[in-house]
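What follows is a set of notes on a single structure, which appears directly below.
As written, the chains take the letters A, B, C, D and E, and residue 1 is the first residue of each chain.
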Amino acid sequence: GSQTTSNNTTSSGKVPPMVLSVDPGNPLYSKNWNPFSPNALWGQAWIYETLYYNDAMNGHQTPWLATSYKWNSPLQLTFTIRKGVKWSNGTAFTPNDVVFTFNMLKKFPALDTNGVWTVLKSVTAQGDNVVFDFKTADVPAYTYIAGTPIVPASIWSKVKNPVTWTDPNPVGTGAYLVKSYTPQEFILVKNPHYWQASKVKVQEVEFPAVSQSANTVWLNLSEGKYTAANAFAPNIYKTYLNKDPKYRHIWFAPSGASNLTMNLTKYPFTSQTFRQAMAYAVNKPEVSKKGEYGYSPVASQTGLTLPANQSYLDQSLVKQYNYHYDPAKAAQLLKSMGLKKNSKGQLLGSNGQPITFTMIVPTGFSDWIEDAAIIQGDMKALGITMNVQTPSVSTWVSDMETGNYDLTLNFGLNQYNPYFYYESNLATSNTAPIGKNATSNYERYSNPQVDALLKKYAASTSLTQQKQIIDELQKVMLTQVPVIPMFYASNWNEYDNRYYTGWPTAQNPYVTPTYNTPDAEMEFTHLAPRK
Amino acid sequence: MTSVLGVLKPFWKNKLARTGVIIVGIIVLMAIFAPLITPYSPNNSSFAPMLTPSAHHWLGTTQAGQDVYSQLIWGARQSLYVGFAAGIASTIVGLVIGLIAGYAPGIVDDVLSYLINVFLVIPGLPLMIILAAYAPVHGSLLIIFVITVTGWAWGARVLRSQVTTLRSRDYVAAARFAGDSMWRIIFREIMPNMISLVAAGFLGAAVSAILAAAGLEFLGLGDPSINSWGTMLYWAENSGALLQGQWAWLFAPGFLIAVLGTALVLINFAVDEMANPRLRKKG
Amino acid sequence: MRYLVRRGIMLLLTLWSAITLNFLLPRLMPGNPAEVMLAKFKGKGNMSPQAIHAIKVMLGLNNESLWQQYLQYWHEIFHWNFGVSYTYFPFSVTHEIAQALPWTLVLIGVTTVMSFVIGTGLGIAAAWKRGSLLDSSVTSIFTFTSSFPYFWFALICIFLLGFETTVFPNSGGFAATMNPGFNMAFIGSAVYHSILPAFTILVSSLGGWQLQMRNNMIAALNEDYVVLARAKGLPERTLAILYAARNAILPNMTSFAMSLGFVVSGAILVELVFSYPGMGNLLYSAVSNEDFPLMQGIFLMIVVCVVLANFAADVINVFLDPRVRRGGGEA
Amino acid sequence: MAEAILKLADVQKTYTRKANGQVQKVRAVRHVTFDVPRQHIVALVGESGSGKSTIAKLITGVERADAGAIVFNQKPFGEWRRNMREYRRHVQMVFQDPYAALNPLNTVRYTISRPLANYRALKGSASDREIERILETVHLTPVKEFVDKLPFELSGGQLQRVVTARALASNPQLIVADEPVSMLDVSIRAEILHLLDELRTKQGVSLLYITHDLISARMLADEIVVLYRGTVVEEGNAQEVARNPMHPYTQLLLQSIPNPWAPALEPNVDLSRLDRTSDDGGCVFRARCPHAMKVCETAVPTLKSGAAGQKVACFLHHAPETQEVAAP
Amino acid sequence: MALLEVEHLTVTYGNVHAVRDVSLKLEPGEILGVVGESGSGKSTLGYAVTKLLRSPGQISAGRVLFEGQDLVPMAERELRKKRWKDIAVVMQSGMNALNPVATIRRQFEDAIMAHSPMSQTKMRERVAEMLQLVNIDARYADNYPHELSGGMKQRVAIALALVLDPKLIIFDEPTTALDVVVQRYIVQNLKMLRKRYNFSALFISHDLGTVLEIADRVAVMYGGKMVEVQAAGELLKNPRHPYTEALLKCFPDPRSEQIEVLGIPGTPPDLADLSPGCPFHPRCAMAMDRCRVETPEYISMGEAGVACHLAAREVEVGQNG
């Protein structure tokens, strides 16, 4: 492959434009800058800003459109709004814009995809502050409130239906403005009136549409057509890094754990011992290495995202429940349950029938399908027949929601705060009887103690208390094994620092390199052309 | 064995068909004796992933560390199975509907012909993709089913018109005079005279089934844990085989599909010539 | 013209059933499209029941009876309104189709016509010089290429011509920096981008036409009227074209019209592999995103086009074949 | 004269033909009346398209008449219709093209065994014995040499014998032979004609012999019925009709037969009106008739006894009836 | 000089020897009838003369001299100039011999344009004239073949053959598929045309009656071989070959008191069989031992000739005595 970037060096020291491969396009872009739209152009993350920047990976908080926040009580949260910020059309940004934005979400529930109004009572401006009153205590909701993009009241108040509005000429507070747009590429240019303009050094950013065909993305990546990308690519070392090892780099920041989710209403997953055996039996390192190409590290059974959540980890517990790959231990646990194998080597369940179950993995998730094949082999080693089926995504989703499955893999959450992981996976409120739609607790775990813990956490503003609760929840994960965290999904991120420097790295993880709404601007206040 | 040779004899005389029969034969043998001629199990993933071809791995290894050569040989089974099963299934459906439509006059024919027409205007591949995408269970049976559902109409149309001509043949009328029942007439007088057409239809259907199956599997709509040429292409594509210099991995399965397809088409030429004497070239 | 009227009625019937099938198909599918859409909206957090309801209403995912939905469906069709695409929300299905259609029409349309013209021409030549080197080489090469899995050949082409040597762009329909429009630069870029996909389509589809035409032509060459024409001492060209080919091509016109109708569905695999912004790609993304309104819209387009193309074939036949045009038979 | 095994009375048949979507009406059989006496051979003679095969189809029940009566064995066809099996057993057919009338994939044995099994419940060795007997009847001897052959191994004449054998297998009373020799070479025609004659004398079957060849009709038949465009124009004793035809059309037929033996006698037939047809009332032949009169345009001549015992439908031989003149 | 001279012509279709060592001569203005049963090689002979054999037909031996020039080795380009202008063909069924997608006029005009181009108006006149010749209204010129009846198409085919006033016309069963009346009409028409245009013709038919009526001389073929040639009148009265004799019995005089048709028992020979002996011997009532082992030579006697051991002896006896 040629190294096109190297040809672009000019003696005048002018740096070639930054090219970011983040937005899929399908294969063409649809011009939709509406930050609330599920199909918005990714570029809106450089235009619209949030109150605070909360790093999903390490929990770092950076004041953004708000300068500070404070919990007056678990039922009242106050943000102090930054002064001197201007919308890109020149009008001033005020607390009213924040109030307007949240009230718009209330008026148009379809926009409120994070459901902040399920706990909020009202949002009001008080001088430089915006006050959020809660119906029910939900301290963690801060993350969603702080992460909501703020839009200008002056413009959005005139929009009849902001749900279907495509916001053709976006006006935001962010670091960049739209310079040009074609169906295959848009270019953003630095907003000279940005409130922290001095920190923004990259003048222009090009966003070519990333084609649907993975192969062409890889070709382009390999050819060095992108300054940075967040694309999955097989054998990244060979196809990308080694072609220009000096400048090309990757940092696949781990995000939340993907879980092997068992249907706890079905035998044999009803048995805690059996689940523990499963946790020993699945060869996570192999899944990580072969199924996930070695990009996604093995996850801790605690469900904590490591190493980011290292501080939460209860070392003594982990020592006690060390779920590493150990088929012998698994077999021993099964034996302790009184399960025996028949002459064909099949493991018999309590009813005397061979144990079989089916793992469902959505069509097209090729890495998961490979993972399933590995797990299939692990089960076979125990004498268990595991079938693999690959239904369509919608069937998979609805099967999980209604509990019509035995075993599956499921995404984790990309959130620093472990509360979200536990809440979504363990809370009774997030599950439902078989046949009814569960929200996120698909394994259908229900435990009043855990519910109480979660509730206590939601109402707590004390860090020590919160940590205590997380300790308790870790213990539940380790002893009861409601789900089996398999690996930490990676945030794919490749970059080339020949012309631009300041990229986040494992050593300097100042931002999760995802180019989501708050992250993109955080990163671009650090990047700069190489001098 | 002699009867098999007897069936193959007319092909043997035709140079093209002979080539086709030999190639298909080799691939069939390859499939049958896969365990003997492959060094490893196709699912044995204990090797280093993504090795380029070497003495140990003639065609390299996959991203999961499986031997590509072994997969290729074993894959013949699946591709032959799906191709032939779907070919047979759609031929049978086409044959039954074509026979009934062609033989039964009036409303039955009208309704069936109309059905055939409707299925002809429905775009095949898109429908296949949709059916395959939403089926709860993915696997070869599904692919066979989908190909059958979308592929029977062509055969039915051809066979229907053949039946309508055969039906008006004097010997069919004569059989009626001889007191034969409708079913006997269909199966003793009409069917045997359509064998070459049915065979041609089957071969055509098998070729398109093999290609369609490969396409569906390539899109990930098959069962990717099954070992077939289509899934090999799927994994090769999804693992960036070409980018990593894994030429053989991507090239070989596609090439074998093309070779198998060509061989079947060659046989089809001969069958076609038998069905259509005008194409015949004596001597 | 009675003939055409009859064909017209048949066509309307076919159309009706195809459209109805199009209505029923997604409703017979397992899984719930609403869930997928909601999953997309849900993103990272929890959604209130109100929000879910709001979205459902917005997307028209209501719980009317099937019959009501069917009437509604026809109503919408007559208003050229296929609803909102789930994938490209808030854009309408019509908008998305309008964006993708020109690409497909041009790329697949042109290649289909080229494939037919070249394939037919080669078929004529091969039959005319039956047994010659030309015949055997053309016939065997195209027999082989027509058994290629399209996408496989496309991948190899991309890799060789779009990556190892960057002779052609490896994806897309036009240069990224351009806005579609009627100017030379854009058209040039579009043509440049279409060469490789067109080539792969041509290579794998030519063979079919070539073989079909060759067979028909061989049959025609044995007809008495061709022998007589030869006896007349007509120039070879007149003989081959006006007598043999002119008659041999008639049975191919229907297939050609059919394939022109299917142009609208694009060449899914090729468009996917090349990330070509056409209907095939759109259809595939509709399918993989379970975007039923979009899928229905596209299917409807395809079926209408195929049926119309069939009708066009009948009309063309009326012009090409005097036996159809002037009614058959003595008396 | 023997009793009639088959009677046709004023039979009519009109086809609606859908040619490329256009509906055309073809009056294939207009008003046809004639008898086939028991053990007689009646020849139905006419040019192509005159409706000969249509009549055969009506008689054998392949098609249904629009009007008129067909009576077989004193029982109207309507009654037979309820039991076509029985009817078919008695009324068999010999087809024109022996190559087409035999399934290329079935042996002679199979072909002949079918009616035996279906109509006479003969199976196994009984069937084989009967097959042997029938093949001997049609002179396909030695039987062993032929019985297991496939059609492609036999010559046209032999095939036609097989076809005849099959028709004989059910012991029919009437055989309708639709141009049984026209596809065969002249040199082998005679054998088949002799065979048919033999069937009548030895097996006692009646025969409706359909042909366009006046000479073979004269050779084989007892009576000749001449058909022109779906109407009987002349009918009577075979020798009379074939040697001294009264109707201009029959005369034309006779004159048209090449006659190198008597070149002097060779008439110069006026054929300038060959391409003309008329289908608008009046005599169907008038457009081509050299003797056409005014009355022929308005009235339809009916079949009436003529001088030499034959019946003829022509105003040259009997004046039109007054009411017919008045007809539109 | 004879217009057409065929010398020792042998034509094969693969291993089928359809025409075997046939020689014949055709004088200007003469009509030579060729009769024989189906498969005896009549058409093959006709097409070999014009070099229009269908694949895999091949002239494997012999010469075809047209006006002294051998057509067999002649290049296609040369040949094309002779076709239609010098040698025209009328095929069995007009239905299939006319291009279904071209008007009648068009089919006349492309023959004219290929050989002797003329102006549009002249061409129109010529087409009308030719159609009139076969008694077809000139307005049919703008019709398509399927719109004409079988007899009309056959007459169009004849007119088409005459359009360039050729020296030789090959008629391959021009009347076989037609009704007697139409057949008669065409025969009359041909006789008239012949008087007017004085063409030579090879008139192929299995209908001995018609051939005898129209031809000056008649050639009888059997099993790919020429078995007898005689002037029509002679042949009728005095057939020399037993096959000719038997064939004549199949065509009785329609006016005679008593009609008895005698067939020829047996089946025609297999043309792939090359074993020696007279091809007719299995069916010949007068076959001798010699006939089974020795193929009789075709003995030419000027205008006539015969290939029969029996006849040869008679000839010898006759000549000697």
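Assume a residue touches a chain if its C-beta (ideal position, glycine included) is under 8 Å from a C-beta of that chain, and two chains touch if they have at least 3 such contacts.
Predicted, not measured: the structure shown is a model, and the values here were computed from it.
Hopping across touching chains, the smallest step count from subunit B to subunit D is 1. Two chain pairs, D-E and A-C, are weighed by contacting C-beta pairs, with A-C ahead. Note: the chain lying farthest from subunit D is A, by mean C-alpha position.
Separating the CA-averaged centres of subunit B and subunit C is a span of 23 Å. The distance from the centre of subunit B to the centre of subunit E, with each centre set as the mean of the Cα atoms, comes to 51 Å.
For this pair, subunit C with subunit D, the centres built from the Cα atoms lie 55 Å apart. Our note on geometry: subunit A versus subunit B, Cα centroid distance of 44 Å, whole angstroms. Across the assembly, subunit D contributes no residue that touches 2 or more other chains. Shown for subunit B are the residues that touch two or more other chains, namely 133-136, 237, 242-243, 281.
Residue positions of subunit E touching 2 or more other chains, listed in rising order: 55, 149-150. For subunit D in complex with subunit E, the touching residues are 47-48, 155-158, 185-191, 193-194, 212-216, 218-219, 242-243, 252-263, 265-266, 268-269, 271-272, 274-275.
Note for the complex: subunit C touches subunit E at residues 130, 222-225, 227-235, 238, 242-243, 246-247, 250, 320-323, 326, 328-330. Interface of subunit C with subunit B (complex): residues 10, 13-14, 17-18, 21, 25, 29-31, 131, 143-153, 155-156, 159, 163, 215, 218-219, 222, 258, 261-262, 265, 268-269, 272, 283-284, 287-288, 290, 295, 298-299, 302-303, 306-307, 310. Put simply, subunit E touches subunit D in their complex at residues 37-38, 135-136, 149-152, 179-185, 187-188, 206-210, 212-213, 232, 236, 246-247, 250-256, 259-265, 267-268.
The touching residues of subunit B, when paired with subunit D in their complex, are 169-171, 173-180, 188-189, 192-193.
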